[in-house]
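What follows is a set of structures for review.
Common to both upcoming complexes is subunit A, partnered first by subunit B, then by subunit C.
And now, the complex of A and B:
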């Protein structure tokens, strides 16, 4: 299959899943009734479609694209297929930032404080990983550094929530570690989407630089690629995307690991091609997972990260096994 | 080595025997316990109402919080405890009051130390609520006061003018949690004459109520709780500010300290709700 055909196919899958996400929900609104209510916005069904299902569907696509794209970009830059925002602590850092913004009351006073704090947290986490693991792409160091950053951020998040004045804060630890799109509103879409789009533009433009880097650092330098600039692009791009996504949806793992891994065979491992495909693939996977949470147990608020981990962790294990055999 | 171990064993046994003897001695005069410690907010409330001021040694640290405790002013006269076995045991209580859901490990430890612990159910049904007051009166040695409290309670409950049956209401808390009929919140709703939207198989204690279902179901009243002033912010509370709730008949700020415990103070909440119900009824008639 040609590259273009794969992109079209993934795009169609995203569109179909977006529509399914709009039409599937706990209350028995029929598909036709739902669509007409979405357009007219009238009645209770109109409210449900416009204020509850539409933001949820948009966030599913946006958050999924952010995770898939930043996973592929990190893997390209670190030249390591195990790099992934959830595994190396980027999402955990973003969650810490978001939790601080909410618990200090900053978010209540100034809505943009939420995405800003989350992307600051994600940025610090990515920068730490790049410093600790270096660009050598040694899997062991990267994973160990990731464990350290994740554990630190998760512990700090739990600490902030335990010390928070709100009696409900401690019960939220699960949301921030596992993620959910339940009951999100258009306000969250407005807060997250601009940052996700900006991050996507930055990361997609890094494709050519990552292609050159895949030939080795010296080769990339001789082709006129500035590693320093590329590094900044990766840090900013992933911080924007993962930060904004985590601020509204919590930390969701494994999407950025599984999607590029699945696509690498058909798209090839050239980062400039893998990046857009992974964005679409991530959007499709997360939307599918979110639909599954609603179909399996609508009243239980099943966490998204639970499903992605159930799918993703076996992948991760098989990849580690393969690397062990090769190494 | 052996001798050493045996020695400490003997000492332990002697201590246990001493505690047991003490326990037996105190339960012999248990008519009116002289040193009462309450380790939960709701046993605090009833103890404050029914005990002699000198009987209470310590109350839970929630008792002085005005957002949760109706008798917070009165509670300020007593030292607080955090419900830990060690701090309670050194107060040498002859009666410890706890809820049925208090930490079982703490309660087991207190009993091992020979301290009498009595657990009371939360009072999420009318018979359970009445039994709770009665038991508390007996435990504290003041059954007459409990009887008077019950009589007042019944009279006040009977005097509440409920709306006609058929009004449907839901109580939702942080994270969109809906309270079922077997919760105190559900009990208050029922006593005020409303039908609880959150009911049915598996929902006795409630569960997460998807906002979507709430919008489509459109009850006559949605009581939103859990965003009291001075309690900070959280993502769970943010769900209660979802724009979709604007179009529902939502009341906020109703849930205060009178909603927290199965005690006569909950009738204040019932009265407020019943009045609201009658208002909604009138509006429905004029429409």
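And now, the complex of A and C:
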């Protein structure tokens, strides 16, 4: 299958899953009724479609694309198929910001305080990474800086949980950290989407640089690629996408790790081709997973991040096992 | 094509390359020889502007894309991160030229594959090839860049004898077509036979620069390489055979 055909197929899958995400839910609205209510916006069905399902479906696409694209970019930059977008500490930073917003009660007073605090957390994480990894630093230093910042953010998050004023607050923090797209509004969409789009534009432009990097840093530099600029592109692009995604959806793992890996078989390994395909593949996979949470346990509010981890972790294990056998 | 004026590269306080002045003109195939640690790799990286240096290099002064169109660099580390196909990998050499994969670029890639004898490898996965085959694919990548000057760091290390000779002949053809090549190598026999000029480096300094028969004297071999060797001009070209070491 040609590359173009794969992209078209993935695009169609996204469109179909987006529609399915709009039409599947616990409120028992029939598909036709749902669509007409979405357009007219009238009655209870109109409210459900416009205020609950539409933002949820848009965020499924946006957050999934963010995770898939930034995962492919991070793997290309670090030249490692086991890299994932959270590696540079932005998702841990965003989670810490969100947790502080819940803990301090800011979130109860003003709902958007949570995503704002999460974005601020991601921003602080990026600033720390760039200070630690320096402007000239190589990929290895970036990984180590990411691990250090993630560890620091995780420790601070644990401290906040530890000092939670009530079991209720602690439970709320824990549930938020599991990651979900339920009960998000169009305000969340408006907040996250600009960052996701800006990040996507930055990362999609890094394709040629990542291609060159597959021959090593020296060869890439000799072919006219500025490694300094490429690193900033990857760090900022990933931080914008993952920061915004975590801010509205919580921590959702494994999508950024697994999607590029799955696509490498059909698209090939060239990073510039993998980037757009992983964006579409991530969008499709996360939307599918979000639909699955509603279908599997409609009454229990199964968290999206729990489901992706349950499916992703065994897949990750089989990937490592295969690498070990080939190695 | 390349002019170095008092080029130095420091590691800490210690000069790894020490005040090298030299020129490369069209038609030249220059063998960069010298013992391990003499500064051969660092000289080429400094000349390209890939590391901080003092003094002047005509290439290092250019912006990176313009430089890539003038000079291709073949590092010694043969890194291939992903399972790219041979054709895809060689096509990476076209990156400095922008989007030309369908026109000039495709022809350049085909020509590079042909010169390195890789036509039948087009769809093979580069990471599944043997080390020597990967080296040839990476040389093809540098050729596909179609830069007049090629700087290569021990490109023939680890190749079988036929591939070593073939690679030197590819470089010679590139020079004869109006380009130039600077290649570091340890095989003084191949250097003597194929290079139009030799640069000898010792402890960061360029200690000799001239035709192989002028440079490879008994005295230089003893002082720089600590070896004794036979060097004869025969009807089949220069023949060089190291005989024994003089102690390190």
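A few remarks follow.
Throughout what follows, the second predicted complex is superposed on the first by the 254 of 327 C-alpha atoms of A that agree within 3 Å, B and C clash if a C-alpha of one lies under 4 Å from a C-alpha of the other, contacts with A are read in each partner's own complex, and residues count from 1 in each chain.
Everything below uses one rule, namely that contacts are C-beta pairs under 8 Å (C-beta built on N, C-alpha and C of every residue); 3 or more make two chains touch, one makes a residue touch a chain.
Everything numeric in this text was worked out from a predicted model, so none of it was measured.
By the touch criterion stated above, A:79 is placed in contact with subunit C alone, subunit B being left untouched.
Of the two partner chains placed around the shared chain by superposition, subunit C is the only one that A:270 touches, whereas subunit B remains out of contact.
Of the two partner chains, subunit B is the only one touched by A:167; subunit C is not. In the superposition on chain A, contact is made by A:211 with subunit C only, not with subunit B. Looking at the shared chain after the overlay, A:300 reaches subunit B, while subunit C stays out of its contact range.
Contact with subunit C, but none with subunit B, is seen for A:221 once the two complexes are overlaid on the shared chain.
In the superposition on chain A, contact is made by A:108 with subunit B only, not with subunit C. In the superposed model, A:44 makes contact with subunit B only, not with subunit C. Once the two structures are superposed, subunit B and subunit C can be ranked by residues of subunit A touched, with B on top. Counting contacts by the rule stated earlier, no residue of subunit A appears in both its interface with subunit B and its interface with subunit C.
Contact residues on subunit A toward subunit C in their complex (touch as defined above): 79, 208, 211-216, 218-219, 221-226, 264, 268-271. Put simply, subunit C touches subunit A in their complex at residues 45, 48, 50, 64-69, 71-75, 77, 79-85, 88-89, 92-93, 95-96, 138, 141, 145.
Note for the complex: subunit A touches subunit B at residues 25-27, 29, 44-45, 47-48, 51-53, 102-103, 105, 107-108, 161, 164-169, 171-172, 175-176, 182-183, 185-187, 298-301.
Remark: subunit B residues 174-176, 207-213, 215-218, 226, 230-239, 242-244, 247 touch subunit A in the complex.
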